[in-house]
Structures are given as C-alpha cells and as structure tokens.
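Once you scroll down, you'll see the structures, which are given as structure tokens.
Shared chain: chain A. Partners: chain B in the first complex, chain C in the second.
Our next item is the complex of A and B:
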C-alpha cells in the first residue's frame, strides 16, 4: 500500500528582477517540475539532490505549507489541497535550518507548547515528553534554555517535536545538516532503527549527503533542477553505471582536468580529489598516475566501487554539492 | 473536546509568550514607566503656557479645566494601542524570524486560538503595565481614581482592546506578507496620535475631529475621561459605547478576513518560508 502518492506536482516561484521605470521584471522559477512518485507504507524513502534541486519545496508542498500550482498529492489517502487538516494530523515534519524552535524556552517548554497545538492532553503530553527526552538523552538538561544547547542537541529536540504526536508519516528535511559526526550517527541510527524499523513509520527524508541516503534509505529518488531523474534502490542505481570500478586519487596541486580521461575532480580545502570510472582501472592506472604526478603531489590512490554520487553525476552531469540558481 | 482543545492552545500560547517576555526584564520596565514619562513634557508644557495646572480655554473644549489628568488618561489608554499594535504583528514577525511560524501554520489546529492567545497575552501584559502606570500617576501626580469607576472603565478598556485586536490581526497578516512591521506600525501609531484625543482635544480642528470619528480610541478616551473627570456614568455616554462596539465588530471581521486571505496567498507564493 502506498502512503504518499505524488501526482504531477508542480510548484513555481516568481523571482523579481530589475526594476524598469514603472514595472519590475518577473521571472518564473520552476522549483518542482511535474514530479510523480509513490512511497510505500513503512518505507524509508530518500530524496537526494544538490542544494536548490527542489527537495525542500516538494516536502513543504506535502506538509501543506505551500500550495502547488499544478498536480497534487495524497498522504495516507488525504489530499494535500482539499484536506490539509487531516494531512497535518498524521504528519510529523522537521524543516531544514537551525532556528525552528524557541531558543528562549527550555526543551520541555518547547515540546509542551507544540504538544498543545497537536491536541495532546496534558497527561499524555507529559508522558510522551518524558519518553522522548529520555531516548534523546536530554533529560538532564530538559529545563535549560535552548540557546545554551549545541546544534546537535537542538536537532534532537527538533526531531522529538516532529514525533511528539506519534505521526504515521514523517517528512525529515536534511535532518543531519551541519551536525558533528557523533550526533549524525545517533540521529541516523534513531531514524532507521527506532522510527522506521521498530515503529514502522513511513519516512520521506531529504538529504544531499549520499552516504546518508545510501545507508538509510530503502529507495532513493534523484532530484535535479526540480525534476525527478530516477527512483530505485541504492543497489540498482549503482548497477546503472556500466563502469564497475572507480579510481580515486587524492593529491595536492591545482588540477582542473585530465586531458585523456573523463575525470570528476573536486578541489577541496586541503587537497584535490580525482575520480575516474572505468571497467578495469588497472588498464588506465599507470597513465593517470603519470599525468597527475607531473602536476601534483599524490597523497593516496584507491580503487573503489562506484558510489551514489558517481551515479548522480553519471545521470545528471551535475555534482551533488552544486548550487543551482 | 474541540473547545477544550482550543482553550488549551490559548493557554499554551499565553504561557509561551509570557515566558519569552520574562526573558527580557528591561522590556517590562520600559513599558511600565515610559508612557508616563512620555506624558510629563506635555504636562509641563501646558503648565508653562497657561501659567498653572488649570485652563479655562481647555475647559471650553473638554469640559474640564485640568489638563494633567486628561493627558495622563490619554497616556495610559494609549499603552493598550501601542502594545496591541506592536505585540501581535511583532509576535508573528518574531515567529517568522525564529523559524517557528511554518511549524505553527503547519500544525492541525485552528489558527484562531493561537491569535487569541497572542491577543490575550497582550491584554494581560498591557493591563499589568496600565495598573503600574496608574499607580505611578496616583503616587506622583495625585490622580484621583474612585473605586466605583473601575468596573465601567474596565468594560471600556475591554471594548477598546477588541477593536484593536481586530486591527492588529490584520496587521499580523500584512506582516507575514511584507516581512517587516515597524514602519507600518509607526505610521498607524502616529495617525492615532494625530487623529484621536490622546494628547489634545480633537475638536480644536474640524478636520481632525472628523477623522477621529473612525478611530476606536477616540470613543474609549471620551468615555473614560467622562467617567473620571466629568462624573458621568456609562448610561450618559451610551452612544459612544455603541459606536465603539460597532467599530470593534467591523475591525474584528476585517482583521480575520485580511489575515486568512494573506495566509492563503503566502502559502501560494511561498513567502511564509522566507525570513
């Protein structure tokens, strides 16, 4: 059974341009471009794409925060346009961004306030808040104002807020964005093991971290420039790449491209990472290393399997960390 | 269940707003003292102009020779105007700034109890401020408040607040759209100063008097000053009360209509998500 059915959903935004005498130029930006997708009951479904791909806009339409221009979606049988109240009752949502809670209030006060908006009785709210603060390991600091919390602790409160009313379906928008590895690991495990496997919640998760999508999601949809590119399991997506090996070289030096190879080059802060997909990397290894050595100092050489990012680049020609205007 | 649900939302909203307000103690001090300090220069100015605390010319326009209590009553009632205008629209602006507005609008509850909670919180805090101000006026300026005047004055203050909250709900909606509230509120605040008898009798100029007829504060001030300074009763002033009530109904209906119209528009344009 499908819990989320998105049918031909489209959302445009109007971008204001330069003012010309009396009129301002306007341009339509297609943030979500006729997307159709189905998420099964109990599935952990990932929307993977670079910043500005339209993931958050799609989530906000599903959460009834935005009204789509065309198409619609149903959440557990309730239409997001004609029956938004029923949709809101069964949805839990975390929106991206750090400031989604009252920093001047404690974790407990924040949760109590949102519990009242979702109609929890005082007794049920207290019990549920106790339980959530306990599993999130926040009980000790529950009365401290959030302004004194770390980013990771605030994100835990944010997730606790989303699941306060025990929703059937969760929309998690970049839940681990900006968190340090230990908090990310905790939240990923909590999302996968507790919320999805134990409690059976249907989860739609947006991320631009390919590892996160790979590790957590039953199926993944690639989104780029508002369009849905492909939907499949991580395993099947990787099979799409005909080349079954990836040669990865880390080096120090200024390399923009390799003349004779189709290389994916990322210039990071302290090093440059070069990835080349090939059927058999041994065949090209010597030539590639010779070319790189002439221009840079090699730090490491690895042969790996293609990643989701390789698949994304293969299918879209864009990098995951690209920012589209 | 539904009305209990709505009541719990109103109560949660009031508690939340009060807890956040208490994080800023200077704000409390400012609102308790500043409106009175604001009125003092006008009292001294009047004193300097007429050479005493009573004026016959002032009496011709207002029916009372004492301009000091006249101005102090204007200052105290104006606190309600300021806190209603600033409170509600600023409150939604802050929700937007904190990133919580989306979550509130995305919750399944009706938004009316949330707005009511914000309005009642303003009423509670404004009344606290007004009580403090009256206390200061009694101590420093010897303002005379009889016990039997308190009940009718409270009734008029409630009627004044109803209209002001209608107006501020509309402003809250406009704030969602334009993403800033100060210039709009300052404009309305100064229109109120100019066109209602906060500082001076509006019948000093026929044009100002005409415009003052659509401002609820005009009627509230007329009734409260009538009770406190001219020993009139609510029955003597019933016409003002009826007009105030009619303006309240108009402003509340208009306020809710504007708020929900703009909220729907904002969901379409995506402006809710912007800071």
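Our next item is the complex of A and C:
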C-alpha cells in the first residue's frame, strides 16, 4: 500500500528581476517540475539532490505549507489541497534551519506548546514529552532555554517535536544538515532503527549527503532542477552505471579538467579530488597519474566501487554540491 | 472535540507568549508603565488650558464637565485598540521573525486559531495594564466614577472587542505580504484614534469625520463606557450602541477572515510564508 502518492506535482515561483521604468522583469522558476512518485507504507524513501533541486519545495507542498500550481498528492488517502487539516494530523515534519523552535523557551516548554497544537491532552503530552526527552538524552537539560543548546541538541528537540503526536508519516528535510558527526550518527541510527524499523513509520527524507541516503533509504529518488530523474534502490542505481570501477585521486594543485578523460573534479579546501569511472581502471591508471603529476602533488590514489554520487553525476551531469539558481 | 483542541491551542499560544515576554523582565516592566507616561501629558495639558479639572464647554457638549476623568477613560480603554493593531496585527510577523511560522502552520489547527491565541494574550496583557493605570490615576487625580457602571462597561468592552479582533485578524494577514506592514497598522491606528472621541467629543470633529466615526466600534464603545461611568450624554441610546457594535463586529470579523484566507492562500502560492 502506498502512503504518499504524488501525482504530476508542479510548483513554480516568480523571481523578480531588474526594474525597467514602470515594470519589473519577472522570471518563472520551476522548483518542482511535474513530479510523480509513490512511497510505500513503512518505507524510508530518500530524495537526493543538490541544494536548489526542489526537494524542500516538494516537502513543503506535501506538508500543505505551499499550494502546488499543478497536480496534487495524497497522504494516507487525504488530498493535500482539499483536506489539509487531515493531512497535518498524520504528518510529522522537520524543516531545515536552526530557528524553527522558540529559543527563549526550554525544550520542555517548546514541546508542551506544540503538543497542544497537535491536540494532545495535558496528561498524554507530559507522558510523551518525558519519553521523548529520555530517548533523546535531553532530560537533564530539559528546563534550559534552547538559546543555550548546541545545534545538535536543538535538532534533537526538532525531531522530538515532529514525532510528538506519533504520526504515521514523517517528512524529514535535511535532518542532519550542519550537525557534527556524532550527532549525525545518532540521528541517522534513530531515524532508521527506531522510527522506521521499530515503529514502522513511513519516512520521506531529503538530503544532499549521498552517504546518508545510501545508509538509510530503502529507495532513493534523484531530483535535479525540479525534475525527478530516477527512483530505485541504492544497489540497483549503482548497478546501472556500466563502468564498475572508480579511480579516485587526491592531490594538491590547480586542476580544472583532464583533457583525455571524463573526470569529475572537486576542488576542496585543502585538496582537489578527481574521480574517473571506468570498466577497468588499471588500463588508464598510468596515463592519468602522469597527467596529474605534471600539474599537482598526488596525496593518495584509490580504486573504489562507484558511489551514489557517481551515479548522480553520471545521470544528471550535476554534482551534489551544485547550487542551482 | 475540535473546539476543545482549538481552545487548548489558543491557551497554549497565550502561555507561550507570556513565557517569552517574561524572559525580557525589564522590558516587560517598562511596558506596564509606558502607557501611563503617554497619558500624563494629555491630562496636564488639559489642566493648564482649562485652568482646572472642570470644563464648562465640555459639559455643554457631553453632559459631563470633568475633563480629566473624561480624557482618562477614553485614553485607557482605547488601549484595547493596541491589542488589535499591534498585539494581533503582528502575531504572525513575530512568528516569521522567530522562524517558527512554518512549523506552527504545519500543525492541524486552522490559521486563525493562532491569531486568536495571540488576541487572548494581548487582551489579558492590555487588561493588566489598564487595571494598573486605572488604580494609579484614580488615586493620583481622584477620579469620580459611578462604580455601578463598571460591570456594564466590561460588557461593552467585550462586545467592542469582537470588532477589534476582526481588525486584528485582517492586519495580521496584511503584514505577511507587506514588508513594512507596521506602516499600515500605524495609519489605521492613527486614523481610528482621530475619529474616535477619546479626549474630545464627537461634536468638535468636522462633519465628514463625524460620519466616518459612526462606522467605528470604538466610538460606540468609548462613549457608552463613559455613559455608564460618568454619565456622558450621546446622540444614540445604549441599545443602539450595542446593536451597532454587534453589526459592525460581525462585519469586521467576516471581512477580516475573508481577507485573511485570501492572503493565506496567496503566501502559500508564492512561497512567502516563512520569509521575513
């Protein structure tokens, strides 16, 4: 059974340009471009794409915070346009950004407030809040104002708020964005093991971290420039790349492209990462290394299996860190 | 069941606002005394011009010559206009500023419930200020009030608040689409203050403003309250005032909700809900 059915959903925004005499130039931006997708009951489904791909816009449409221009979606049978209140009752949502909670209130007060909005009685709310603060390991600091919390602790409160009313379906928009590795690890494990496996919640998770999508999601949809490119399991997506090896070189030096190879080059803060997909990397290794050595100092050379990011680049030509206007 | 849920949500909004407000203690105390500082120049100016508390001309126009009591009642009860214009009007903008509006709007509660929760908070807040002002001014200037008029006055305030809530709902949505929404609030606030007989009787207004004044709930509210407390005489009866307050109240609430729904749809269409 499908818990989330998105049918031909389209959302465009108008971007204002320069003013010309009395008129201002306007440009339509298709944030979500006729997306159709189904998420099964109990599935952990990932939307993977770079910043600006349209993931958050799609999530906001599903959460009834935006009205689509075309198409619609149903959440557990309730239409997001004609029955928004029923949709909101069965949905839990975390949207990106740190300031989605009241920083002047404590974790407990924040949760109490949202429990009232979700219709929990005082007794039920107190019990549920105790339980959530406990599993999030926030009980000791429950009365401290959020302005004194770390980013990771605030994100824990944000997740606790999303599941306060024990929703069937969760929309998690970039839940680990900006968190340090230990908090990310905790949240990923909590999302996969507790919320998805143990409690059976259907989860739609957006991320631009390929590892996160790879680790957590039963199926992954690639989204780029508002369009849904492909939907499949991580395993199948990787299998679809005909080249089954990836040569990865880390080096220091200014390299923009390699003339004779189809390489994906990322200039990071302290080094440059070059990845080349090939059927057998041994065949090209010498030539590639020679080319790189002439222009840079090689730090490491590795041969790996293609990653989800390789698949994404292969299918879309975009990198996951790309930001589209 | 739903009504209980909505009422609980309104109360939660009220409690949340109190908790946030009380984290700024000094500002909270300043807020309690601020209106008192505004009203004092009015009173002192009046005393200096008239040469005392009593004005013969005012008595001719309104049936009561006690200038100070007349002005103070008008001014104090107009404090409830602040509830609508600033308290409710900026309820959603405040959430945008906190960054919480989208999360709040993702909950299964109609949007107007938040605004009414803020109305509840602002009304209690303003009620406290008015109570404090009244006690202080009563003892400093020795106001002479008809104590039996307090209860009917409270009823009139209750009816007047229906209209002001309608205005508040309208303003709360307008500030979502206008970046400098405070200008609209400021213009409306100033306009209502001018056409409402707060410190002067209706008769001194130009005839066009007198006509406009007849569509303002505050005109009927303030005049009737003063009728009960100090015996002000007006061109309409108490029954007329209540009836008109109810009609204007219903019209303002319907209009406020109508505009609110249109703007709610517009911001969700344009994706402006969470932006500030």
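Keep in mind that, in the parts below, the second predicted complex is superposed on the first by the 325 of 325 C-alpha atoms of A that agree within 3 Å, B and C clash if a C-alpha of one lies under 4 Å from a C-alpha of the other, contacts with A are read in each partner's own complex, and residues count from 1 in each chain.
To be clear about the criterion, contacts are C-beta pairs under 8 Å (C-beta built on N, C-alpha and C of every residue); 3 or more make two chains touch, one makes a residue touch a chain.
Here the structure is a predicted model, which means the values were calculated and not measured.
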Self-check item: Joint occupancy of chain A by chain B and chain C, clash or fit
Solution: clash
Self-check item: Touching partner for A:66 - first (chain B), second (chain C), both, neither
Solution: both
Quiz item: Given the touch rule stated above, what does A:99 touch, chain B (first), chain C (second), both, or neither?
Solution: both
Self-check item: Touching partner for A:215 - first (chain B), second (chain C), both, neither
Solution: neither
Exercise. For A:51, select first, second, both or neither according to whether it touches chain B, chain C, the two together, or no partner.
Key: neither
Exercise. Could you tell me which stretches of chain A are touched by chain B in one complex and by chain C in the other?
Key: 11, 13-14, 57, 60, 63-67, 85-86, 88-89, 93, 95, 97-105, 109, 112-114, 116-119, 145, 161
Practice problem: Using the touch rule from the top, collect the residues of chain A that touch chain B in their complex. | Solution: 11, 13-14, 57, 60, 63-67, 85-86, 88-89, 93, 95, 97-105, 109, 112-114, 116-119, 122, 145, 161
Practice problem: State the interface residues of chain A toward chain C in the complex, per the touch definition above. | Solution: 11, 13-14, 31, 57, 60, 63-67, 69, 85-86, 88-89, 91, 93, 95, 97-105, 109, 112-114, 116-119, 145, 161
Self-check item: chain A-facing residues of chain C, complex
Solution: 5, 8-9, 11-13, 15-16, 19-20, 23, 98-100, 102-110, 265, 268-271, 273-274
Self-check item: Interfacial residue positions of chain B with respect to chain A in the complex
Solution: 5, 8-9, 11-13, 15-16, 19-20, 23, 97-100, 102-109, 114, 264, 267-270, 272-273
